[in-house]
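Just so it is clear, A, B, C and D label the chains in written order, and each chain counts residues from 1 on its own.
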Amino acid sequence: MIRPDEIKMSAEESGKWGMVIDQDLCTGCQACVAACSMENNVPFVGDAFSPSNGEVDINYGRSLHWIRIERFWEGEYPEVKMTPHQPMMCQQCGEAPCEPVCPAFATVHSEAEQLNLMVYNRCIGTRYCGNNCPYQVRSFNWRDYERPEPLPNQLNPDVTVRRRGVMEKCTFCIQRIHKAQDAAKAEGREVADGEFTTACAQACPANAIVFGRIDNPESLVSQLAHQGHGVKHLEELGTQPHVTYFKGG
Amino acid sequence: MTESKVVDILAVFADIGPAADALDQLRAMGIHDECMNVISGVPVTEAMLGRPAQHTNVPRIALGGALLGFSAGAFLAFGVPYMYPYPIQVGRQAPISGPPSVIILFELTMLIMLLSTFLGVFLDSMFPNYRPMKYVTEVSDGKIAILIECPHVEEKKLTDALKKMGAESVEPAEAQHL
Amino acid sequence: MSDNKHKAEHSHEEHLREKHLMLDPLPRGRMNEMVMESMMEPPTWKFWAIIVVLAGIVAYGLVYTWAKVIAEGLYLAGINRPSYWGVFIVNTVFWIGISHAGTFISAILRVFKAEFRRPFTRAAELMTTFGLIQAGMSIFMHIGRVWLGLYWLMPYPNQRMMWPNLHSPLAWDVLAITTYVLGSTMYLFLPLIPDLAMARDRTTGWRKILYKTLALGFRGTEGEWAHLRNAMNIFAFAIIPVMFSVHTIVSWDFAAATRPGWSSTIFGPYFVVGALHSGMGAVIIVLAIIRSTMKHMKYFIRPEHFDAIGKLMLIISMAWAYFFFNDYIVQWYGGDKWTQILLHYHEAGPYGWMWFAMLIVNVAVPWAVLWNQKWRSNPLIVSIVGFLINIGMWFERFIIVPVTLTINRAPFTWQQYEPGAEMPMGIGTMAFFILLYMLSSKLIPLIPVWEVEEGQMAHEFKKFGRETVVSVSELE
Amino acid sequence: MSNKFSRRDFLKLTGVGAATTAVLTGCGPASRYTKREPYMQMPEYTYNGHSTYYATTCRECAAGCGLIVRTSQGRAIKTEGNANNPLNLGKTCARGQATLHGLYNPDRVTDPMKGGSAMTWDEATQVVADALKNNKPGEIAFLMGLAPDHLFDFVSDLASATGINAPVRFNALDMFDAQATLSKAAENLFGQSGMPLFDVAGAQFVLSFGANFLETWLSPVSYTRGFAGLREAKTKMRGKFIQFEARMSATAAKADEWMPAKPGTEALVALAIGKLAAEIKGGSMPRAFSDVEPKDAAEKSGIKLETLEHIAEMFAHSGGALAIPGGAALGQSNGLAVAEAVLALNALADNFGKAGGVYFSAVAPTQSAAMGQRGASAQQMQEFIQNMKDGKYKVLFIHGANPVFELPAAMGFKEAMKGVEQVISFSTFPDETAAEATYVFPDHHGLESWGYQRVFTGAAQSVLSGLQPVVSPFYNTRATVDVLLAAGQIAGGKFAMSFMDEVEFLRGKIAPLMSESDGLFSAPDLNTFMAYFQQHGGWWKTTDGRTAPATADVLSKSLKATEAEFAGEGEFFFVPFVSPTLAEAGANKPWLQELPDPTTTVMWNSWVAINPETAHELGVDNNDVVKVISEFGEVEVSVYKYPAIRPDTIAIPYGQGHTAYGRYAANRGVNPADLLGANFNEAGDLAFAGVKVKVEKTGKKSVISRLESMMGVYGVGMGEEH
């Protein structure tokens, strides 16, 4: 029996990962969405009709995007403006509302990475976490999504393929974090800033997404995050999100 | 010779009054309270019949269950968080937090208390019991039966006395399948 | 002169006797006979026809549709993001609400010695048990991987020493509902034992075997009665906090969440009162049906009972209205942006009609009808009111669950909810409930005869000066 | 009782129960689950759990971005940008990410086909050989994709050696970018041909006239990086950006100001801004702007004079002003005038060859002037089609282009194919053109191919991106160069080229680069050089290869202040725009279909963007199907009430409406090119934005799927609908 407070993480195994998103740079090009889906084996829902209500499934809030780009409108023609694109993914809250409500410990906080983990094989699909996420960034596998052969050849072997009935969400590409940490550990060093990044950040042609350790004052992401004009989404709820947005404009 | 014979008599009364009187008289005849039992279709209290209070373990078993339940709840609330091989954090709540613990303690206390109360009835009444027993079905129609199992008294004398006391019927009690 | 007076006195007594079951005693044997006859009366073709229809609905709604949902996924239902919870949870709350009536009648009224409860405690308790079965099924219907549900939810560890998360309101639900199901089933069974023994004594054949087995060898000895009485007393007191805790914990599923419209401190009592509201309505429907369809039931269930429950319904309706308004004004006054939008959506959105209908049938209708003793005593009128209240309370839960979930702090995801496979499955639970009730009415003595007899023993007329009044002696 | 129920019965019942449970719990349907088993025999150099990374080039559009493809167990898993490639610096667009869905597309052409039946490659090679041998060289034509790649070089060499027609390159992006107009304007003004390169990153104030440079225009990844540079406030002030466009495109959405100028008045607006700016700057009025009356321009364009004055002031005072012409503004009857007017603004800003200004793109390695930098304009395609119709071509080889879909149906490519005896398609996918072709001899997917591709614009350096197979070919496909080489050997004569295979040809082509001095790498021998070439994903110079346009007399040229003319009688201007996520050939990739459009968030479908006011007047609502009718055709499409479009304009995205091209593309949405006719501007580009259309209600309703919530974003169903 190990007491919770006895556990210490070694330096190379721990880190507080975070993201900075510059909405002024984001062009809404969806490269991050595509990259995320390719990296994380996110299935495509297609335009199948939902038998329950004749709506298109994907139109009925049943998309599976782990990251989505939100935009709203301000004003009316001709003074109409599109609000800055807002890429929305799991904010990896420090105090995540989704975690305590899961009865099966299927979504828990990782001590090592300071991320919200999603443990698919423990998920029984109560979808309480989805309800309790103020950002609505969790998506549910409403069915088993078709991937006709040979499309499964593209699947990333580092990432689980989810089946129907489980929740899923952005993981900050935890498989990449671990790969980089393993490599660094093998070489007896710490993961260098910028050594790796998430799929979305890597693809982003405008460099609007910066990922890294926010507990490392030297890293680009923590320097950006501490510039002062960043905001955290719905911070007033006390969720302590790990994603900082620059509103821009 | 008759001394050793156990008298087994079932007297059926129509009402509480006569039955209570009969009990008094039987007691006066020297039949000990322990040799008598009253079988009724409604819960007739001991006070109504002037009988000694029945001993029941149900409240004690219930209390024991409550304590057991409380301990089980305490184990779940305070023990389990220490059993994880690694710390499990949810929403930055402490592994052992007050409010959820109260709920767990309450629910488990109640659950096991109720279960053991129920079990207490079984234990105390020796339920289920499908062996042949001394019984008359009129009891469930509202009659009150007095069952006398006494080694000291003569059967004939007792039967007569009971009839005099207003018993509707007095029969030798025989164990039968209910 | 004095003769007239005597006559008037006599007719007054007659009147009271007609009105009150407790003053109108019949020999125990006769009552037993009546109850057994009502139970063993050979079912009519209508009865079987209804059974067949209900079984068909159960087969389609519960068996076929549920199997399909399990095999293919929850996309068959209408739930979506952000309304991750829909009619399944509505039905869960609804059935748990229904189940509250049984406990309320047989525990609270027993504790407070409300004598009118006696003939229908069993009927109400049966509703509790059967309602909880539907509630339990509704929860499992909603789970994405139902085949893992119990496996992960019950408090025991897996091979990696993972226990369920006892911080989760859903885990509390599991504990509370388990306690409640077991508790109320045991509480149904304990007072049933003497009646089962009675049934055992009056039957032959398979019924004899059944009742003999269930009666456990109960004879009615002093000891047995003492243990039983003690246990029932403990149950009556203990099940009340359990009942309150169950619906409070169900309300915490919502109130503990960080959602506009959900995060409300009043939800606990609000839900309990709401549960009683629908539960009373359901009890009254059941009583009206039992009274009109089963033999001899007009003797046991009389207008006085509808009158009494009607009064309770009126009071509960007032309490519900008070809690509703309390919740509403606090949410409204808070001025939170999202809550404002949500409240507007409740009233003016596509389900706005439901919101208004809820207020009308939950408040306006009971208030308008139940103040009148004549209407209140009419089984048809009160059962219609009860039915409407149940519709209204279902609407209330529908508004609280999927309609409220539609609005959240991420407007990019707002999505209206439209039920899908939930409806056949929900109707399936309703059919299953009725089916269980109908079948059990043929197997279980619906009237606790010994309790009625006990009550009749305790009631008598007493004269205060010129007035003949009813007096009740305390037997326990 | 118990003796009747035997153990056997119990076991039977248990079995039935277990089977039922299995079905219900999903062990049964588990067979449907996605499984990816390891290969029985792993490809060489692969280990379980270890990824191998290959550098190659993205073939999803003609830009030529470098890719690093992660492979595992012989499968391509993920594409990333090649961080060293100067064009995209490690970045990709959505199409580049989804290229894997092309590679593993379930609807690829798996074998050489004739009609619906497969044939062997030997037979296929014989067909090609016969086609080469049995026809006169003048009767053999090649139509190829826009990418200036090794196949183009090979066919060009073949053409020059044998006298067959020089290969023609075409792609719809070229058409919708109006690239011909842009380079023609540059040629007219600067007397120099080449693709202008706009240094957005270095600018302080950008005026864009219809250039959708954040979407599909020329080189979207590199221009997006430029935009990021414009916005980033690290070294300078945050740059300002104004876009003139009738419909707010994804690019205009990022602009500080969106100016909904009336279509066709862009030249007036540009010249008016020039005039006003020149007035502010003082000095004599340049001849270029003298033709315009700003008040008149303001009136005609619908943009207030004060606004124009304000923009002109900013333009005049800004340290780094830049004006970009492109897109729909150039795809009009007066497109050339628009392009010239906008380029002239740059002359006023005096930014030629300066940071934040206009350059000519670096000339790519191995590029010879004779090859022509650009693809064919629509007008040239019209001539090509005419030749087909006239029976001038007996054999037509098509590779990398899908003209049946991409060209407006009114231009008649599909009909013209009937005038060609043999059409041989080398398409990897069963696209519309392949469906009409006599033979389909599928080439490898880009990730299975060797090759190189010249980067024609976007990078400062001269870049040759290299391709190598990252996975072994998945199907029975063959490289087109190899097919042509083998067929040439059979045909003999001049057709017999001396190369053993495609790789040898490739090596021969890049060999001269070894002697270049300022390259990324050099090597003593070709083997090493080739190894480096593969390793780095190409070869590029380390020095800035951009050139400054001649500036001398741009402002003294006389520029016409013309308005565009529109074909058709309809009341609405029609703007077809290329879907930024699907573009012209993305529709068969399911994840590209699943990507929401950046402006409307629509997925898997087409829509017509109509101003809400206009929709109200027409009596249509969201999801109502309307019929859009032009002089040349009509389409039926669902309405999206788009708040940022001129009330007199409607827009339909281009990218859907395939009739073939696999299960994800076929019979989905509409092709707005069906509404276009063979109208060209002076530069030969299709006047795709020069059509007026009518809109009619149909009374039908067809729901378009969108990611956004109509409640949350537009308030639909919230109880206060207008």
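Note that contacts are C-beta pairs under 8 Å (C-beta built on N, C-alpha and C of every residue); 3 or more make two chains touch, one makes a residue touch a chain.
Being a predicted model, the structure only gives us computed values, none of them experimental.
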Separation of subunit A from subunit C, taking each centre as the mean of its C-alpha atoms, in whole Å:
44
Expressed in whole Å, how far the mean CA point of subunit B lies from that of subunit D is 88
Rounded Å distance, subunit A centre to subunit D centre (Cα mean)
30
Show the residues in subunit B shared as contacts by 2 or more other chains, in ascending order.
83-85, 88, 90-91, 93
Among the residues of subunit A, pick out those that touch two or more other chains and give their numbers.
55, 61, 63, 68, 70, 72, 97, 100, 102, 105, 144, 164
Which residue numbers or ranges of subunit C touch two or more of the other chains?
72, 145, 162-163, 165, 167, 410-413, 415
If each protein chain is taken as a node and each touching pair as an edge, is the resulting graph a line, ring, star, complete or other?
other
If two chains touch, include that pair; go through all of them.
A-B, A-C, A-D, B-C, C-D
What does subunit A use to touch subunit C in their complex?
50-53, 55, 57, 60-63, 68, 70, 72, 88, 97, 100-105, 122-128, 130-132, 134-136, 138-144, 164-167, 234, 237
State the interface residues of subunit D toward subunit A in the complex, per the touch definition above.
26, 29-30, 32-36, 49, 72-73, 75-81, 88, 90-98, 100-101, 103-106, 214-215, 220-221, 224-225, 227-228, 231-232, 238, 248, 250-251, 253-254, 256, 258, 260, 474, 580-581, 590-596, 598-599, 601, 603-605, 611-613, 643-647, 663, 668, 703-709, 713-714
So in the complex, which bits of subunit A are touching subunit B?
1-5, 7, 94-100, 102, 105, 107-111
Report the residues of subunit D in contact with subunit C in the complex, numbered from low to high.
21, 23-26, 28-29, 707-709, 711-713, 717-720
What does subunit C use to touch subunit B in their complex?
27-29, 32, 155, 157, 160-163, 165-167, 172, 175-176, 178-179, 182-183, 186-187, 189-190, 194, 197-198, 200-202, 212-213, 215-231, 234-235, 238-239, 241-242, 245, 249, 450, 453-454, 457, 475-476
